[in-house]
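Got some structures for you, see below.
Presented sequentially are two complexes of subunit A, the first with subunit B as partner and the second with subunit C.
Showing the complex of A and B:
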């Protein structure tokens, strides 16, 4: 790879790229592909529903089509489409040359693609794929009722997607917080970057929280635990955990599209956003509220009426911040000079459809009306208006808006407007009549003529054809533009004063800013040379910058400024690692040879990646010279680790919550929870605790040592931590083996299930830690760390502290109480 | 419209109240939006300059536009409206959810959902599948559970709905005003038979019901 940066093979570039713009385009193409797949699935089941007594899809095909449509649109289409734009423009909008961790960025993409391929392959597993609806309600999702292996494979695919997202999230947070241009305060960013940051906070808490029940589900299906079959867990355990994730997920889907709508409305009306600060506060409030509304999805489950009233109120409260955002958007247009271009029209469409979706959502927040609405087509209509109408329409506005930036070519305005007209007609014909079917259950594949639902369904199905055909116009327009579109300059829309991406060439060069480092001053945007910034010459008038311009204290000696100083912007390992993971998962169902190949490739890629790092072959050091508030004092790597661990908290939190849930329920079901010491040896647990605490101390000592440039201390500390960690794993394994020998296995009872799951996941974290120590030791022996450069050790120390901390919760729950 | 059950009547009037406010508010908001777009739209020829005329915004400028007061005031108005809607929701819910447990006339029926059908067990032990027979003008209390997976019991015409969850009993109640046949259907995906998980609710005149069931008064204790 060393010589590849001169004239690399295009295939090599696309497979091994770590450049945020290339990754963005990969996300764009892939998510649009999945959009087409999931859309075609929808067309098939709309066909089945078009008339009473229809025979087009059988019940099991119908259920699989509905399930895959939902899962794909939610997980593999909407957020990745937003991520495509975020990858492409957010680094430019904040004034960075790339993401903070380019290789992890590539890894996020390839894991995303791998997860999508695994999910699609589940279709071809014997018995088909998941057929329980995207909500995957328990206990229909257990082996007893859905024995097909494709269901388990789908569970694994989602887990893989979630892990891809967590990697991306930590990366984006570090990027947006720490790589901003000098003078670029957070509030100066366009809405897209701001909302994307808010979305990352939502992702960081919601997605790991979804991983927890999925881990339980996969372990139920593969290992035989009893989370969703036991009375103590069962349907309600799944419900709570799913919907805790489920409502933030809605905002994850909607916010990026709405943000684009706001930016586009402002740019094309030539006016400032109305009350931008109110918008920012409102979106933050809405994001927070989304964590305290999940029970409104469970009004019919027989939970306490008082609880329902509380959640009714929190849910209605949500309409206030969103109302404020919509009103600000509308007032933005007041007194503007509006150019009704295609992006503007789609932004407008997004606002209109979201307002309608918001109005129908108020109905759903009402506990009384929900009696009628829940599980009906009203709900289907409502959430398509918000997610597709508000979210996807906004993303399409973004696609048109940034298309000339990404390709350097303009599209046909005529076709764009035609697309918009047909899109709006199709959309409303497709989703509005669903509100009239407020008695028709969702997800039925069949109804008879006596219901009277036939004519409206026919209308809806016709709408689905019109809506789908509008996308053909979109694709024709884009492909035409690629070949024959007129070339555009830096700023085809007149957005240069709005956000940074319109101040660089279309498409931008590898490191985005050929004119120098963008600097935001009281006069506006200027480009300065890096040496000028380092010498403190920040503006033409020599004025101080806004905010806190932290200059590298070490003189920036290892700060790479120009493309030539970077290593090759390519790494094969994210791609190869993802192949390994995908083959491993697919092999679980389709055969051991695939599985073995996958495992070998996976391990090889980990070793290869670590080696690339130890040898420091890949060093696209994206150091910024600008704004880092509020994380001025934390380096990128530890900050990324902190964010990652916040995600980990959101994983372990629901696991512990599940523990308390099933334990509290056992009082009602009459299950005798084991007494302390009855099953798990308290002495053994205490020994593990002491050893783990000691290993934490050893890690801290290693960190202190290297801060003082003490190489031997570093190695000794790491080695000690390694041995102690290994000892804990052995003790843990010994306890498991003993329990198994006594016949106390995964499926013995709910207490056994939760014990094995939590200690198992914790053990996996220890194992991962041990692997990281091996890597750190290898790098330490190569002399890779010194007093200035030891962020890997620092990040590991934080990680290990977290692993020890989780044990301090685990130990009392299983050994003491 | 004449509702076949008090629960449906209350639901319908609440629904109409929500529809009215939703339609009025969305219409006003969308009309303002439409007016702004038409009023401030520039001729498309102005696109020819690439939109380079001086915009109001600038990178790095503190946002100056908009009075937060306007946005907050408008939001408060919306908020007040929602408070009103919530209050009426709660009073409707109180009626729909207040199980008449102590009502001596109430008939208690156990509902067991299964893949794929409904089984109804009466106080006298009589059990039928696929059909629920009840007397009119009598509060019916349902004790709903499931034998296998998660189902949702619903009589759409009456606006009665409750989840049927294994290892759990949920309560719902209704009262039929008019004799007739109504549809009971499952509203949660429960497998391949979900669409056909239908039963008939047969609301009968009291005499007819008693002819089928036996004297009601003897069964209650």
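Showing the complex of A and C:
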């Protein structure tokens, strides 16, 4: 944090922190809070289903409880809980001092919290919150069936959460690829860091892809577009786009927990993982396959039979890599000297439950069986075994495993084991009998005694209470350990030769490695000083091998490590910006005053952030001293931009796919798609294209200029790009105004809807680019760039090139063909 | 100055491609489906040039190009799945357009 003689208030520290460990703890506390909220919602609707003819919740309240439970568990609990551990331990495991972009890391958290608050506030909207089920199927998600404003607010909350995730993903990618310690190859990393990297790739392409249908949904509900009410789009459009995100999402939820299970099994078996390379290959194959299995969620939608066969096969194929991973885990245990501690028990439980869930899933991959089981409680049982059993149980193993590292205190093993016993009893009582309800529809809130479902439902509800009570033991144990738990050393589990976090104090100091930069050599782990690494000195006194020799000390302070003090590790802007965004979102539904306040705070925070940057008030030296493969030649900032743009491809791609679908469908529905030139002026479109291309050239020339230390060239190029970008926005606005005046509005027809959405999102990207140019110009006028230091300009050139590239497809689709 | 002139040359090529694109697109009455394919091919070529030169993809590592390729490739199954879902009964809201 700040310097010893100027220690800030603890509240300020927690609100303004950018330190990865603090951010991790914030994620942990928040995700556990949301877990409790989602759990309470589950208990209420389980009560409603506990017996025939039950009157505990009204139909709409039941639907709202189920919807929020599902959405919260998937989006606000499981992945953020994994992100808590990832924030805390991944930088340490790779040998870094912090994340590549600490302020963006804080921003990810605050946007996540803001999105959760917006989602919960939807309960208080007139008519309540979303009630369409977590899958948000069309047409249930349309205003006709769900007119309440809370539904729109929920859509906005999810969009906000997605933006938080995209920011975090780019940050983690750059951190893991570029900030590894010297000698730390990717394959040397513990399974959690490797699986987290794979998860980031899944997030990178899945979450922006989900943003596309959500933007359509929100614009349908708020602006009156017709994506999900028109015959050309409708339910099938939503289904494809939702599940294109939804199936990779399953692995996003499961992989971190499974990775923790693998690491914990290895550490507590006192063995290295069996066939680690096979596990890495298997998880990579599974990640790839996860993008070609989604249609198995749609076997009953009336799609082409050939399509069902293909996805039947790909779904069965994906069980092979997971089988290999499970076998490797089991073989790790053979011959190991096992210590059955609480983390180990939860890890083992996670593997067993995941195998049961996987086995029941094989049934669903078959089209024939799926026809019978679709939409029944069998499916509910199956996915809870995989996601809660495999994913969340593994994350609880991680909570126990890293708790002593995070707090410096040990929890009660006795209470931990009691928690495990009750957790497993409750879990299996809750979810296993669901398989017996293979004839009970999952989307009903009421049934009568003649169905015969009553006794099993009662058993399930009892299981839910037992399962929930196990978490009370967890919280008591952890809270108690904070005050009364015995203090632990660096390595309470004997994992020092497995991963780096067990070679630093518990809890770790601000920049993690007080004894120097960790270096992985043929002999094991050493700590060296940065100047030694920069000068290529290959050995120092006091080397130690993994966990065999006492570590040397050199004073341990950050000054000793780096030879200089850095600015504070605090920034208010991520926190303030998230307040602005949250108020804006809520204001979109609750009224203009809130909206205006939100916009003002948002703009002020952007200006404040940029000013902090221009004045270089925030500076945390995150040097890339070690392994950077395969991105040795791309600096952190441009690489972060590249990853962001890979995600943008996954946003615009589904939008263009939707265009293709609705346009092709129009031939069958009888809708006459406008002829070229009939609605949009080709000449105006071509002029916009030429101007945008010219602005792209100007940006590129600005970059070339600053590479040659030509300050005037830089400023001239950026200014030209700004003026041209503004001109394109003006032309677009003019065209919109003209079309509106002619009565061609958002909801005129499906062609109008897709035109306004794609050009609108593209326009928002131009606007964002113009704001970045203002920042770059301000910094350029302050002399912030030169031949050696111009990565911000480089990153912007990449961004602006992408904006130009997207338009190169937008122009012909709407103006030419 | 070599790099500047190279960028200007690429810009000229893209603008020329734009002119060609407009001509091909405007001839849809005579060219039919060929116009559609031609326009999309030209747009892809333009985008490739923008990626390589305006986005400085040529200075990035092969890994950047590879991940960009994978990013685009992940979308292919979506387009194919949509293509095989087109002629099936539409799922509109009753009374909706």
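Here, the second predicted complex is superposed on the first by the 785 of 817 C-alpha atoms of A that agree within 3 Å, B and C clash if a C-alpha of one lies under 4 Å from a C-alpha of the other, contacts with A are read in each partner's own complex, and residues count from 1 in each chain.
In the analysis below, a contact is a pair of C-beta atoms (placed from the backbone, for glycine too) under 8 Å apart; a residue touches a chain by one contact, two chains touch by 3 or more.
Keep in mind it's a predicted model, so treat the numbers as computed, not measured.
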Discussion item. Going by the contact rule set out at the top, does A:742 touch subunit B (first), subunit C (second), both, or neither?
Written reply: neither
Worksheet item: Of the two partner chains, subunit B (first) and subunit C (second), which one does A:138 touch, if any: first, second, both, or neither?
Response: both
Worksheet item: Looking at the overlay, what does A:616 touch: subunit B (first), subunit C (second), both, or neither?
Response: neither
Discussion item. One more residue to check, A:788. First (subunit B), second (subunit C), both or neither?
Written reply: neither
Discussion item. Comparing subunit B against subunit C, which has contacts with more of the residues in subunit A?
Written reply: B
Discussion item. Looking at A:802, would you say it contacts subunit B, subunit C, both, or neither? Reply first, second, both or neither.
Written reply: second
Item to complete: Could you say whether A:632 touches subunit B, subunit C, both of them, or neither, answering first, second, both or neither?
Response: second
Discussion item. Per the contact definition in the header, classify A:696: touching subunit B only (first), subunit C only (second), both, or neither.
Written reply: second
Discussion item. Just checking: does A:235 make contact with subunit B only, subunit C only, both, or neither of them? Give me first, second, both or neither.
Written reply: both
Worksheet entry | Contacts of A:676 with subunit B and subunit C, given as first, second, both or neither | second
Worksheet item: Do subunit B and subunit C land on any of the same subunit A residues, and which?
Response: 138-139, 145, 231, 234-236, 301-302, 669
Worksheet, complete the sentence: So, in the complex, the side of subunit A touching subunit B is made of residues 59-60, 63, 66, 131-133, 135, 137-140, 145-146, 183-184, 187-188, 231, 234-236, 266-278, 300-302, 305, 308-309, 312-313, 316, 319-321, 323-324, 326-328, 330-331, 333-341, 348, 351-352, 355-356, 359-360, 362-363, 366-369, 371-372, 374-376, 439, 441-447, 451, 489, 491-494, 497-500, 520-522, 524-525, 546, 669
Worksheet item: Across the complex, what residues on subunit A touch subunit C?
Response: 138-139, 142, 144-145, 204-205, 209, 226, 228-236, 240, 244, 291-292, 294-295, 301-304, 306-307, 630-634, 638-639, 642, 646, 649-650, 653-654, 657, 660-661, 664-665, 668-669, 676, 682, 686, 689-690, 693-694, 696-697, 699-701, 703-704, 749-750, 794, 797-798, 800-802, 804-805, 808-809, 811-812, 815-817
Discussion item. Quick check: in the complex, which residue numbers of subunit C touch subunit A?
Written reply: 3-4, 7-8, 11, 14-15, 18, 21-22, 25-26, 28, 35-36, 39-40, 42-43, 46-47, 50-51, 53-56, 59-64, 67-68, 71-72, 74-75, 77-79, 81-93, 95-97
Response to the item:
The subunit B residues in contact with subunit A across the complex are 7, 10-11, 14-15, 18, 22-23, 25-26, 29-30, 32-33, 36-37, 40-42, 44, 46-47, 50-68, 70-72, 74-75, 78-79, 82, 85-86, 89-90, 92-93, 96-97, 115, 148-150, 152, 154, 156-157, 159-163, 165-171, 183, 185-196
